[in-house]
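Look for subunit A in each of the two complexes below; its partner is subunit B in the first and subunit C in the second.
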Partner chain A sequence: MGAHKTISLADEKMQYEFTAKLKSRLMMTLGIGVVMLILGIILLSLGFGETHHAAEHGKEAAKHSAEHGHHEYYWFKRVIANLWLNATFFNGIALIGVFFLAFNYVAHAGWSVIIKRVPETFGYFLPISMGSIIALFLLQIAMGDNYTLFHWTHAGITDPSSKNYDAIIAGKSGFLNVPFFFARMVIFFALWYGLFRRLRSFSLQEEEIKDFKAYLKNPVIYNKAVYTSAIFLVVFAVSESVISWDWLMSIDVHWFSTMYGWQNFASWFVSGLATITLTVILLKEQGYLKSVTKHHLHDLGKFMFAFSVFWSYVTFCQFLLIYYAHIPEETTYFNARLNLWDGYYKFLFFFNFFINFAFPLLVLMAKEAKRTTVILKVVAGAILMGHYLDFYLMIMPGTLGDNSGFGFVEIGCILIFASLFIYTIASNLAKAPMIAKNHPFIKESQNFNQFN
Partner chain B sequence: MQMTSPVREPLVLRQIHDKNRKTTMHDVTNDICRQVEAAPNMRWMMALGISLIVLAYGSYTLYRTWFFGIGEWGLNKTVGWAWDITNFVWWVGIGHAGTLISAVLLLFRQKWRASINRSAEAMTIFAVLCAGSFILMHMGRPWLAHWALPLPNTYGSLWVNFNSPLVWDVFAISTYLTVSAVFWYVGLIPDLATIRERATNPISKFVYGLLSFGWDGSTRTWARYEMVALVLAGLSTPLVLSVHTIVSFDFATSVIPGWHTTIFPPYFVAGAIFSGFAMVLTLMLITRYVFKLEPYITLNHIESMNKIILVTGSIVGIAYITEFFIAWYSGVPYEQYAFINRMFGPYWWAYWSMMSCNVISPQFFWFKAMRRNIYATFALSIVVNIGMWFERFVIIVTSLHRDYLPSSWVMFWPTYVDVGDYLFSFGFFFTCFFLFAKFLPVINMAEVKTILASSDEDASVHYAEEEEHAKEKAH
Partner chain C sequence: MEKKEKQEFLVGVFDNESKLISAIDTLRAKGLKIHDVYTPYPVHDLDVHLGFKRTRLARAAFLFGITGTTLAIIMQSYMLGFAWPMIIGGKDHIAVPDFVPVTFELTVLCASLGMVATFLISNGLGPGKKALMFDPRSTDDKYVMAIDLGKNSKFTKETIEKMLLDNGVSEQPKTKEV
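The block that comes next holds the complex of A and B.
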């Protein structure tokens, strides 16, 4: 506690330097990721990584061996599922960057101004993640029924005369059909990215202001940013639910849950907060963002704590209500995660609650924990891992069943997306000053204190 | 030191009668103690009188409910749960704003909460008591109410069913009521001590002295006070979520179409905050006007609360649409019918009242002029609570009245006893609120005094000067 000395903006390192060292490291990570992915594919197509399941499951072995003639079917689907997982997960983090910006504008938040430039760069990843998602979707459609993650895209599924006909899926086809699905993706992407660029441009316009004192009397640019943020929040609230149904819930196409969109939002939001926290701490350790004090970290810690609990709340409520009512159409989702395939996902299902609920709850409970960089780094890392796992649990059972795993393909995909993400953040951080010095609340943020 | 951007509006305004003078700590004490110290006036007596008359009528119907049993209500074999539980959920929902303001906004360090938390918390406690009264009412045998508690007993195998969400409700609401009451009372202690110090008549001096627990105002006492407030805030924050979550479980754990949907818990919580804030606004706008508290409860406060109403109202709207969409998407014909029946069935008027009051009406608050218009705010705050009452009625009655067996399809219509019992809760609520408003300080004086400094309009000048210095240093 006590008074702390405010660091003048003149002492701040305003220009982020994207060093050649970091650049080459990221390129190397990307390269390793690609190599691991290729290695994983080769191993899978040679039959490593799936045969043991067939051997273990006596009864199912016969069924499996019939399919084992086509190894490429498994490796292809597993690669697609992993790329889809990472693309949607990182797309969420990018989107949360914009969301963070927007709700802080609308709430007239002062404390977060000093770290504003960090989430401001996340939106630049949207073209990469959305590009991957759109490309992956088109690829699945092009490759045909055996290769797609989405059962509802199969040929003849809505045609009563076809042997593939599924009455329930046919009932959903007004919403789940390829053109509408594709159109939603493109429209949402255009809205998110367009609004993000607008917010970013207001932020950069504020940099040009010469007379800050006069600007404070009538902060036109700031007001425009608040206005745009409100529009973004409305778009986000609607689109976030819809894309959760589209990209994730429709994998288990017969199943439905009204909570799903909000649960997925919680997962993305916590991951986004963890990414912001990690980035801020790493930048501070490199000598940037000197004005960020324990008081700011404390708030980021509170956010991670609160929304970890919120994620647990919605996830547990969804589970409890379905478990309690015990309606077969609904319990199938959790049955796959708890009992099917000899409880293949059972451990992960419970571990998910441990890493995403118990761990942040207990570790971040104390005040000092939220103000200590080491602890924040550990928790943020655990949260990112934990929510990757949450996405894994949402995607894998419905697509790969017990043929999923964690090997070269998984690690390779994570490395590829993580290095691209960090590269995007770093290169865009270098394009604007590290601190939004003409934001109307900059002084509040510099002098931010939790205790008065 | 703490900085406040000049872009922000001051939290405490200048005095009404003397605009040249800034509000001082002494003004705060005088303005807020005024009605506590003055003799009750005619307006207050009339308001209390009307509340007591309503309470008396309600007590008569309550007597009928208990004496003749709940057959006095409009329930029937198909709709076994209607008006009573609607009112219960409605009151519990209203009882959410107080703790949200006092606990969540305290954790968020939202200073604007200082001048509204006291009466919001009081309102919360009264609303939860009203909600509890409906549980007692529809027990049929209220003298056996303690059977809802897991008490060690000699009744043989009689024991509560821990699997029942109704029992969870008992735990959640009694915990919430206890913590809210303690939180509210702890916050009152320093102000009661202030009134004790100012009291001229020995009876008030004695009573307020007793109520203030010998508060001495020392630094150590203040430090403890703040620590207790923080701990209680930490305890009540999960309670804000848990109470209405568990109320929603009463419905969502069942297999009734329209009740069993996983979004219920967070959407009920959002709806509760929505209606709670509306009720706070209804009461605060009157209190502010009658007690001349405009410098403390400013347009800025009203605007902030209206923003919360807009956000929570829109969340509720998204939840309605999500439920409706997923009912279609699920392909379950019962679910689909339940929602079609809500919209176009015999209770269509209840559904569309709910939609227009809860989803459409708050959208007016997108406009700043509406958010800062006292009359519009007052009207909408009432509209919102009408809408929230209809929401519960729609969920409960429309899902029940047409069950799986079409031969048992019926309508529910309330009797005068149903209405009378509802009036009982209104009479009780307003009697409590008027007593509170007269005998206790409606605004937390101690906390408002701490934010006077951040409302200093000279800060803007200071702020600009600092900026000049920073620029010089940069060159």
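The block that comes next holds the complex of A and C.
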């Protein structure tokens, strides 16, 4: 309708209360996650859950299984692969929180100011996720060839006299070598986290302003934040591509795709948007963020809709070009996901397109659907599960082959990372007012209207 | 063909957006039916104030799009699968992933052409059609309101004129026959 009523900031609950109930629930979830992980490890090390098809099925499976060998280190690899999956997935969501802030600053966007504090807390998860990624990588290097997810880290891989020598990997070793890989990772982390802390500190400095009218005439802090955001966007564009080759594409090290960085960005971005939407709706249901209207939700819905389609576009592009050209060195990637191991990943591969493309496309198409909280919650949940599956399909075939599965280890890892993530968001939401009341565009955001 | 009877309109001219909007609200509250309003630029929420029904163009677009999708799939399957089967790149005759780009393009083409046709028909536009212009200043800096006298038979022309004058028109309302 025409003029909708604006809620005064005085009526807002500004201070988020991290309740003891939520805290104990999160600790309990974390505990359950750890217990399930340990239970899973015990079961796996006793030999449950392995599907060695080597004897019964063709030579491809035999060749593959030979790489994995005995179950003594099989369980270790499965645990590492799952921790790696969750760490990279949640690291992406945390990074997208900062990215969301940055592009809204650079675009001088007004609508998102009212929900700004939600993505602003995501960046605090970066130390946890990056810490686990760095620790996991070092652990793999320390444990040796049988335990690592990355074929290119094996000893003697670039040495022509070694029996491990691989000419293709040797050709890539100028980029893919342990010191450079590690240095890139640390530098990117420093840049992401440093720029995030700068943006956050500008946001908190704005809270201290006494004379808002005078600040509007010369918004110094805001201008600095726009400048920092522009730097972040450049850093992000480069680092996101490089980091997805490093962390995910280098698992299938003989294969490469120029679309991979895009696909990974789309996957992270749409999961990040789903997390923002879900958090905003849950906070609104608890009585916070009263100023968030159906108009704001409509924009978040449009974002999820658009970037689900974007993900499908780049993912299908990558598939179609490889399928059509039919060059063996390129098709290996999809061969593993469609044909190998009796089509072990075939169902998941097609289901990936259903849950991440068809479902959001059809459900979010209508205008009213993007404004209905129940539908948004269902779609955001489906998108998060769907893109976990996308990461699963990127990591598991190249590391575990047909020995992957979905059991205690997988669920345990998800619970651990999800509870840590929610704990980080909630504890940092409590550290600043829920609404950035001195942001120059706060009035525009309060009165935001889609005009239909 | 029977010649269409002429309609008589009363045309009110306003100076600014806020006067126009408040006049629309009060006149509609009194039960007057407004034919249409012409403004130099799109005014947000004008359709809400005028009480226009939500357009069904979106549904039309969806149906046109689905038609395009169906046509594309039938066309490609028939051509490559039955009429002249060819092996391309070692794939099946009917290789679904290959069909996706053409299907997408035909969906967009049918939806957009269909929407252009719908727009022309529903607005009575076409080649040689003379533009309906109540007051040419609505393309410059005035806001023009047209009231169909035939559809407001419960008011006399003088009452409507008086109502317009009481609600901020900037000049004496004129009558125009179309």
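Basically, the second predicted complex is superposed on the first by the 430 of 452 C-alpha atoms of A that agree within 3 Å, B and C clash if a C-alpha of one lies under 4 Å from a C-alpha of the other, contacts with A are read in each partner's own complex, and residues count from 1 in each chain.
Basically, a residue touches a chain if its C-beta (ideal position, glycine included) is under 8 Å from a C-beta of that chain, and two chains touch if they have at least 3 such contacts.
Bear in mind the structure is a predicted one, so any value in this text is a computation, not a measurement.
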item: Partners on subunit A (subunit B, subunit C) - clash or fit; value: clash
item: Larger contact residue set on subunit A - subunit B or subunit C; value: B
item: Contacts of A:Leu216 with subunit B and subunit C, given as first, second, both or neither; value: first
item: Which of subunit B and subunit C A:Glu444 touches, first, second, both or neither; value: first
item: Partner chain in contact with A:Tyr324 - subunit B first, subunit C second, else both or neither; value: both
item: Touched partner set for A:Leu9, first subunit B, second subunit C, both or neither; value: first
item: Segment of subunit C that clashes with subunit B, given the candidates 3-11, 21-29, 129-137 or 165-173; value: 129-137
item: Subunit A positions touched by subunit B in one structure and by subunit C in the second; value: 3, 320, 324-325, 449, 452
item: Complex contact set, residues of subunit C against subunit A; value: 44-45, 47-49, 89-90, 97-98, 100-101
item: Touch list for subunit A against partner subunit B, complex; value: 3, 8-10, 108, 110, 167-168, 171-172, 175, 212-213, 216, 219, 222, 230, 234, 237-238, 241, 245, 256-262, 302, 309, 313-314, 317-318, 320-322, 324-325, 327, 329, 440-441, 443-444, 446-447, 449-450, 452
item: Interfacial residue positions of subunit B with respect to subunit A in the complex; value: 1-8, 107, 109, 238, 241, 245, 249, 252-255, 260-266, 314-315, 318-319, 322-323, 326, 329-332, 366, 460, 463-464, 466-468, 470, 473-474
item: Footprint of subunit C on subunit A - complex, ascending; value: 1-3, 316, 319-320, 323-326, 449, 451-452
